[in-house]
């Protein structure tokens, strides 16, 4: 782990007067999978949106590929924004065919090719649904389309918000395999928000615990799940209520 | 009823020039009004559906009021504005239409229909998932691309907004009568002609005009549906 | 996919239907309520009419009406008299002045359908009104001849005036009606026509006929409006038009600045008649009450009231009583 993709310092995000995220420091390295875990309302999704350059932080520093973007300038910088993709918790598919949905990001970039779309569908077991409208899909299929839509863009950074929430083991396995493959074969940098600590353990090289918008611990996953430094991490992993 | 139907067929096929003129005036006024109110209403609806700003509730309340506003009141308002003694009429600027012209009718029709277009568009946009825009941005959409995609996503609602606008315009009678004056070969539309024929006691002619109006309305609606369905389904 | 498309169309049609209905319903309400009769009621009454036509006397039909009332035709109910009349009587305020007296005296509610004379008679022909107060003598005679009415009486007359801008650009002031019309046609001065087959329009056409002119061209505007709306338009356009005096005077009070240029010509007199509708038209027709109304409006005291109408406000009578009883009482 060498180069950093994200470098966060004293980053704060407030909605009105409520502080949702307040991080002292966090680095995301190139080519790693970092899992963000924590109880509901800990600010994981907000942090992910900040990393996705979809919102500007209230204060602090957020560097993306060495560039300071905390001032909100990145929203306007299309080229910078297009170095990452984010998959939301809900699939948020367009009312079009599966194929058109997966091709959507490519078409935005003026890419008319179909090869990447076909291979992404192949990999996620969606080929037989190519011409179906997305409204007829099951939850697992929809989530896979949502992932495929991000995959085809081949961005260096991928942000995943609960990509397997409420899915059956078969779909979980399909998605986890795809994520692992992207990381291993294409050395994509992936930040994964998940409720499921076992998933974090399975996929991530490092895991971070977020509590009330603050970072409690960031450790290599082995350490995080077996010998955490912070007692609150231990409690969270055990399944205790943590505050 | 049956006689009205027969009369209308006879009238259409004999190419009665007065009737042709009435239909053309109706279509022209409706077409121009709908075009302009769509151009105003859809962007306004999108804006209200997506943006937050101070006074938004007030604007929406005004819009909803506009959606249910009696057309005759709009007619009266336009009448008073455009009248020679009215504030706009007195200015005498050439782009301000005179009373008793199709221009004045178009102005009234726009005021009547654009709140409908904007209101229905707004609710169509609001019915989209609030996170959709973020997802589109996250997929690398420019603001304009995201906006366009959302409009396409809301297409059924947007289409309904246009059709509602069309319906309100083509069927309007009170306001166009007031500001257009129902002048033969100039500002007489299908609806005002129906009122006139009824007043004359020529019920079968009125019925015939009614059937023509219904037919036009039906054809236009079917055409709009097909056109939009094809263009947007891809 | 297809299912959705179909349901989509249904929804859209409903929306369009609702919006399409909304506007006309507001303005054409009277027509809408009378529509059911269009298809059914006349048929039922026309059959017996063919065979029992000579029975057109009043007594039996009254009895018929009386027995039929409880079947509750929603337009015709006891205690409600439907009067179809011209816009001029209503707009001038004459009916608002007269009818409360009748309503009080007979304990009946008079519903006024205020339309053009043409439509009023059409409504009568269909049996959708009980009594008519109209001014279109030729059409009235034809109406009686066709057996649509049981009795017709002169009620009153008012007169028409030719009005125009005070500076009278066409120079018709003081002419006879026919000469004035000739002059207007000659100078191609803008003239507004009701164009709605109303009594006023009929009168206008008869003057054009006397002048042997068929008015066409940009200067002749066939507006298809009621008298009040037409005066508004004339004011706006500063054009000439023919109006009944009552409506004209009412509008002058509210700011109309057009002036009377031609008046007093015999050709401009406008007689009103009252007609009771033939009860065989429709089982719900209030023939008894209609007759009472007819006799009431031509009675001397009511005629006296008519002659007083407008005196206070305009300093002149708007309508001149003209019934046989009135004329007899005046010793004419």
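Every chain is named by a letter (A, B and C) in the order it is written, and numbering of its residues begins at 1.
The criterion applied here is as follows: a residue touches a chain if its C-beta (ideal position, glycine included) is under 8 Å from a C-beta of that chain, and two chains touch if they have at least 3 such contacts.
Quick caveat: nothing in here was measured; it's all calculated off a predicted structure.
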Going by the contact definition above, tell me which chain pair has the most C-beta pairs touching. B-C
Most distant chain from chain B by Cα centroid: A
By Cα centroids, which chain is closest to the centre of the whole protein? B
Between chain C and chain B, distance of the C-alpha-averaged centres to the nearest whole Å: 33
Return the distance between the CA-based centres of chain A and chain C, expressed in whole Å. 77
Length of the line joining the C-alpha centres of chain A and chain B, rounded to whole Å: 46
Would you tell me which residues of chain C are touching chain B in their complex? 5, 8-9, 11-13, 15-24, 26-28, 31, 38-39, 115-116, 118-123, 125, 195-198, 221-226, 229, 233, 236-237
Name, in rising order, each residue of chain B that touches chain A in their complex. 129, 131-132, 134-135, 137-142, 145, 149, 152-153, 155, 233-234
Would you mind writing out the residues of chain B in touch with chain C in their complex? 1, 70-72, 83-84, 99-100, 116, 156, 159-160, 163-164, 166-168, 170-174, 177-178, 181-186, 188, 191-196, 198-203, 217, 221-222, 225, 229
If you look only at chain A, which of its residues touch chain B in the complex? 49, 52, 54, 75, 78, 81-82, 84-88, 90, 92, 94-96, 100, 104-105, 108-109, 149-150, 153, 159
